[in-house]
Amino acid sequence: MATLSDLKISEVKLGEEHTGKWGMVIDQDICTGCQACVAACAMENNLSFVGEEDSGYGRSMHWIRIERFWEGEYPEVKMTPNQPMMCQQCGSATCEPVCPAFATVHSQAEQLNLQVYNRCVGTRYCANNCPYQVRSFNWRDYERPEPLPNQLNPDVTVRRRGVMEKCTFCIQRIHKAQDKAKSEGREVVDGEFTTACAQACPANAITFGRVDDPESMVSQLAKRSHGVKHLEELGTLPNVTYFKGG
Amino acid sequence: MTESKVDLLAVFPDLEPAANAIEHLRSIGVHDECMNIISGIPVTEAMLGRPSQWTNVPRIAMGGAILGFGAGFFLAFITPYLYPYPIKVSSQAFIPGPPTVVVLFELTMLGMLLSTFLGVFLDSFFPNYRPMKYVPEVSDGKIAILVECSHVEEKKVTDALKKMGAESVNPAEAQHL
Amino acid sequence: MAYDKKHSEHAPSGQHGGHSEEYLREKHLMLDPLPRGQMNDMVMESMLAKPTWKFWVVASLLAAIVAYGLFYSWGRMIAEGLGIAGVNRPSYWGIFLVNTVFWIGISHAGTFISAILRVFRAEFRRPFTRAAELMTTFGLVQAGFSIFMHMGRVWLAYWLMPYPNQRMIWPNLHSPLTWDLLAITTYLLSSTMYLFLPLIPDVAMARDRSTGWRKTFYKTLALGFRGTEGEWTHLRNAMNIFAFAIIPVMFSVHTIVSWDFAAATRPGWSSTIFGPYFIVGALHSGMGAAIAVLAVIRATMKHMDYFIRGEHFDAIGKLMLIISMAWAYFFFNDYMVQWYGGDVWTKQLLHFHEAGPMGWMWFAMLICNIVIPWAILWNPKWRATPWLVATVGIIINVGMWFERYIIVPISLSINRMPFTWRLYQPGVEIPLGIGTLAFFILLYMIASKIIPLIPVWEVQEGQMAHELKKFGRETVVSVSELE
Amino acid sequence: MSEKFSRRDFLKLAGVGAATSAILTGCGPASRYVKREPYMQMPEYNYNGQSTYYATTCRECAAGCGLIVRTVQGRAIKTEGNAGNPLNLGKTCARGQATLHGLYNPDRVQEPLKRSARGGDSTQAMDWDAAIQVVADALKNNKPEEIAFLMGMAPDHLFDLVSDLAKATGMNAPLRFGALGMFEARATLSKAAENLFGEASLPFFDVGGAQVVFSFGANFLETWLSPVSYTRGFAGLREAKTKMRGKFVQFESRMSQTGGKADEWIPLRPGTEALVALAIGKLASEIRGGAMPRAFENVDPIDAASKSGIKLETLEHLAGMFAGSNGALAIPGGPALGQSNGLAVAEAVLALNAISDNFGKPGGVYLSALAPNQSEYQRPASAQEMQEFVQKMADGKIKVLFVHGVNPLFELPTALGFGGASKSVSQIISFATFPDETAREADYVFPDHHGLESWGYQRVATGSAQPVLSGAQPVVSPYYNTRATADVLIAAAQLAGGSFASALPFKDEVEFLHGKVSALMGEVDGSISAPDLPTFMAYFQQHGGYWRNSDERVAPKAGDALNREISAEVAEFAGEGEFFFVPFVSPTLAEAGANKPWLQELPDPTTTVMWNTWVEMNPETAHELGIENDDVVRIVSEAGELEVPVYLYPAIRPDTIAIPFGQGHTAYGRYAENRGVNPADLLGQHFNEAGDLAFAGMKVKVEKTGAKKPLSRLESMMGVYGIGLGEEH
């Protein structure tokens, strides 16, 4: 059991020393916006589809969305580099403290931002407070007619109405890989597994791995100079690095 | 029972005659403890020249405040250690500073106000639906004096009260209100 | 001594030396005493008066609205999910939270009138403290409804209560919503108790003059109160403690409600002035609602024109004017600092408030909350006109509802991720909101039939303390401090 | 400790805590026996049984990407790319991910059906014996030349089987068609390759190795030829690992998803692609010096600039960029080829590569390697060939039509008249897995398995340097009472007897497959080898196919690519109207994705619209016409008209409108039916020299209807376009 003194975590210290554990690097220059990651995420994580009306009203359940804007006017118009947005697994997440039910908490073991569906009572404060607006709420019990439920991933909770959800960095895959490595008496090897979005991405624009391991692919990529973390100025310590490129 | 007592209930139309009557009763030897005033408005002891009433309500309130503070302390400082594993949110300290103030304040106030309310009940023996000595006229603004005296003195006290302007003086019967 | 109207044709002010005595007596309830018994009868009559057909029509209409708007719609929302409401990404909170803040605001009037005015011995409060406290309690009930409605899984709302449980979890004390829960619970309990304590002598009075089920009802409520010295002492002490202690509770409630917003990492919400700004806003809407309620009571209930007079509307009107000015001050303060900060998102939000598709609401808010109150309430004659001040009160409430609408769903439309900006269109929130309003009015109508709306003993106490005193040529009102 | 405190430790502790709380809170006798535990063990933290992984081939398009399908307890849970397959190297596109929504689609055809009346909903269930009898009768009772097979571009093994059957019996050779092939203008590409390089083949463009890529309409990041492979190539172009970050220029009138990634997007006037390519060629040749190639001789860059609407400086700058690079590559494709002069465009653009002299070099143009068991390049039918076939049907020369893997009533332009011609066919038998439009017009529907329930193989036509034969195997047992079409045909052929029986002397589909694949067993350069067929087939299944280890792309013989006249004529446009019309294949839905709910819910990569069809229109033009977002407009072409809501698209020429192809189904299940419109309804019967449909060669009129239909967008109109944010200060 943790002792009292172990638990006295100084706020300042935490902010300074936070390194994160799992992280992502996204190269916007090669992201083609093809939506393969979106589909892969939906299939892996049992996302509900919400239909035309709700999806057009900001209620789609995508855990990852690809943003694109426009620059300039025709004919000098350009599409800005596609920007996949998902939960940034902040080291100091603004969504966490505001939940009255501890339904979204910081995982000590994975340094991830956990969403505990069965604790969620649906105040939606976390989603309000997420500067990245990457949380999706189950506004209804969205229908999945038979036999579509056959496809549901048994490793992932199926959420019902009234519950908040968001990208988990495919935590079920992390656990599978960790357990496998443990049973073989070794550490998880970089690249041994990856998230559904990164696995699908035809352009390899998404790289996932340990940011606390300087040898890992993500760390190597993140060392390149022009990476940015979104809304870093808010002190959220996000774990996703973006390369705009171009 | 040689010293059998009787309760007389005298109804006065106003504050002044009631105060005079109390003074008079005291002069004829009726002790303050043997008198009680029933009124429709909160006439103070000073107005009637009566000794101060003792009340426990402030003390009970204080006690409740301490209890409430204790509950707040438990909630703010103890419950985080009751989880099966330490739950961390954001980079906030495990026991956050300012929010504990909020919790302590709210629960202290809640404890204090709840106990104040309960204090009224305790001190006044509320709720009490047994028969009691009462005249409904007091709620019309009359002031009633409830005098406890011996049978021997009954006549004397009745006369004195009548003389001092009592509208009516009757032996008080406990009745359902 | 009777409530005599024959002096009313007297000129309001004498040629020399100020107002005539008759004028002053007619103007001030406290100088126009009636025998206690007569006042009791008046209050009892107003309460026992057989409801007219109009009463039944209005009550059944309200009951139907409550049944459909509140309970049926809510049941449907629980069964189908929040999808039938208009909340979306990014406006995760919609009218539910608007109504919560609104009703908590309404509830502040009761405490303000009965606690703050009691502490400061503002004598005009006496006849309507009860009416105001009822607003507090009933308003909080609606606030509770509104906040529970907005929960995705309201059937698990009890999980937010601190108690040892199998889930091995306690509420998260880092969350402003948990503070909210504690504060609102505290406030609801205290204001209900604070409503009940001064009510005891009045239900005792009602007990003494009623029969049948009412007798049982009042007897039960009166708890055996007779009015002995001891009982009065305990009661007075308790009421004093309440009057002082409930003021910080009230301030804390609305401050914490404001922290729901101010503590968030959102442009436009992250403002340190939100606490006092919300408190003043709450008082603004609360006083407006209180005066509207008083006007309705006065117009619809027997004998109320004796207890509630122009002077009261005048006094509350003055308060409203001051509070409106304070609100304007805080509004401008908040706006100025947000604007000056120059944060790109905040600037965008401010622009969106004014020029966006709901910009009309922003201007309507300013007109309702500042322009109209200032234009009307400066005039003492207008201020003493019940229907006019009540109308201003209702307009202020509309304005304050707009203000909360601007703060909640409209501000939520703009965030730091422009790709997700979206307008909010209310769905089932509208019947639900109307349902809470109807429920508030319905509760009030029922209460007016079973609870003595005028604290007679307080009025009598006040009348005892007031007298006219001559200073040279002028007759003025003089108050004795009885306590 | 707190840092190292893992969830596993927690679970142990939680068990203790739960037991304690069970004692504390337990009441009643049950608590002595039931260990109460809080519901906090989410499946994310637990093992929920073992997964089994199967390799197979994706059937969402004909590219032939390898898949690994994760199954749990007999249910397919997730598809991933097969990392071993050289074509997709472990990657998939969105459609490959959503293939499970086809497998478990609630609207599949669940059993063989006989339809009471064509086009009607009234059907009778049949058993398979009766169904096979129907097929056998159809084969036996008709003259072979009156029997026709219309097939999709996948799977190849069935095509081989039917081809063998046709060869042996004198039936019509099976005709393959697919809307993707039509919109890719495959016939034009292979014809251009034939004209320039002397070999009809599908060119392969090594985008990944290039330094500068000029794409004339090729939407290679979306649906074009082999999108996963080309996307990988694009990433290679961009990634500055070993070289400079490659530059990419797209020439098209409407910014496609591919064009959105371009460094320079050149909105040229539709129809002038050949002219522009030649002009760039001329300017680039001038920069490079030497003799002016014949192909570019007659082009006037000034004329090209004025006709195409591109500034001369821009042309010069682009030519400089092309000439200045050692690894310049030009790709023709998409709408640029689907015009009256499409073949000239393809030739002109291919010829441009000659300047860069990149034929058969890294970063250049190759001819695609033939698949391991392939002898020559087989291209799908061009639209013109389809038109001829439809004519045959209309003339009553086809008595029995078998349809598999294609939905001509949806995919073919309505103007080609397939619907009308089908009335002259006495018997139509569909093997559709889903109740599509053609199945509804068929007399019988004998549903094939879904691709994930099927055996088979698919030849990789392009996209991989190595020759690849992607193998398919059932990853789950069939969910419904469906049967493999190959099995049905084999059984029916046996039943029909005669040459039919001898043409397909197999026990079942698998035996046929073994026969087809066994020839590969003896190859030395293969990814798998085995001494005997069962082992070989086991490896074949395990690895998801067979591929050779060598790069077998062919270097085109480019000897006189530039030494010939290439027409610089501007394309002709059919129909009256002020707008050029660009139909494009929806990148997420493609031709057959509309019935998969998660594909419907995927935002379109360029517009982010979900669940509907839109027409893209330049905001300036729309403003002049008084049209706003979401206004429903009527688009009128010479062939038809349709009504569709407007999306004000900032990256489209003011004289052009574009509609995605993929929606507008009148059948095909609940998610597809009556949703959006089908732009194929607007297409007329105009072809280019190669026989491909001139689908981008139309002019159309736009009329307001006054109606509004809000499109579901993921993007915010306020945040992205500033619509509804209020006037600026």
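For reference, chains read A, B, C and D in written order, and residue numbers begin at 1 within each chain.
In this text, a contact is a pair of C-beta atoms (placed from the backbone, for glycine too) under 8 Å apart; a residue touches a chain by one contact, two chains touch by 3 or more.
For clarity, every value in this text was computed on a predicted model and none was experimentally measured.
Looking at mean CA positions, which chain is nearest the middle of everything shown?
A
Consider the two chain pairs B-C and C-D; indicate the one with the greater count of contacting C-beta pairs.
Between the chain pairs C-D and B-C, B-C carries more contacts.
By CA centroid distance, what chain is farthest from subunit D?
B
Averaging only over C-alpha atoms, locate the centres of subunit A and subunit B and give their separation in whole Å.
62
For subunit B and subunit C, what's the span in angstrom between their mean Cα positions?
29
With centres defined as the mean C-alpha position, give me the subunit A-subunit C separation in Å.
45
Quick check: what residues of subunit B touch more than one other chain, meaning two or more?
80, 84-90, 92, 96
Multi-chain contacts only, two chains or more: what residues does subunit A have there?
In subunit A, residues 2, 6-7, 9, 57, 65, 67, 69, 94, 96-97, 99, 102, 108, 119 touch at least two other chains, as defined above.
Which residue numbers or ranges of subunit D touch two or more of the other chains?
2, 5, 10, 13-14, 17, 40, 714-715, 720
Residue numbers of subunit A touching subunit D in their complex, please.
Touch list, subunit A to subunit D: 1-3, 6-7, 9, 27, 29-30, 32-36, 38-40, 42-44, 47, 49-53, 55-57, 60, 62, 65-70, 73-75, 77-79, 82, 107-110, 116-119, 145-157, 168, 171-172, 175, 179, 196, 199-205, 245-246.
Mind pulling up the subunit B residues that touch subunit C in the complex?
Answer in residue numbers: 15, 36-45, 47, 50, 53, 55-58, 61, 75-76, 79-80, 82-84, 87, 89-90, 92, 96, 99-100, 102-103, 105-107, 109-110, 112-114, 116-117, 119-121, 123-130, 132, 134, 136, 138-141, 146, 177.
Subunit B touches which residues of subunit C in the complex?
Contact set of subunit C toward subunit B: 35-37, 40, 162, 164, 168-170, 172-174, 179, 182-183, 185-186, 189-190, 193-194, 196-197, 201, 204-205, 207-209, 219-220, 222-238, 241-242, 245-246, 248-249, 252, 256, 457, 460-461, 464, 482-483.
Report the residues of subunit B in contact with subunit A in the complex, numbered from low to high.
80-81, 85-94, 96
Flag every residue of subunit D that touches subunit A in the complex, lowest number first.
1-3, 5-8, 10, 13, 39-40, 42-45, 47-49, 72, 75-81, 88, 90-98, 100-101, 103-106, 221-222, 227-228, 231-232, 234-235, 238-239, 245, 255, 257-258, 260-261, 263, 265, 267, 479, 587-588, 597-603, 605-606, 608, 610-612, 618, 620, 650-654, 670, 675, 710-715, 720-721
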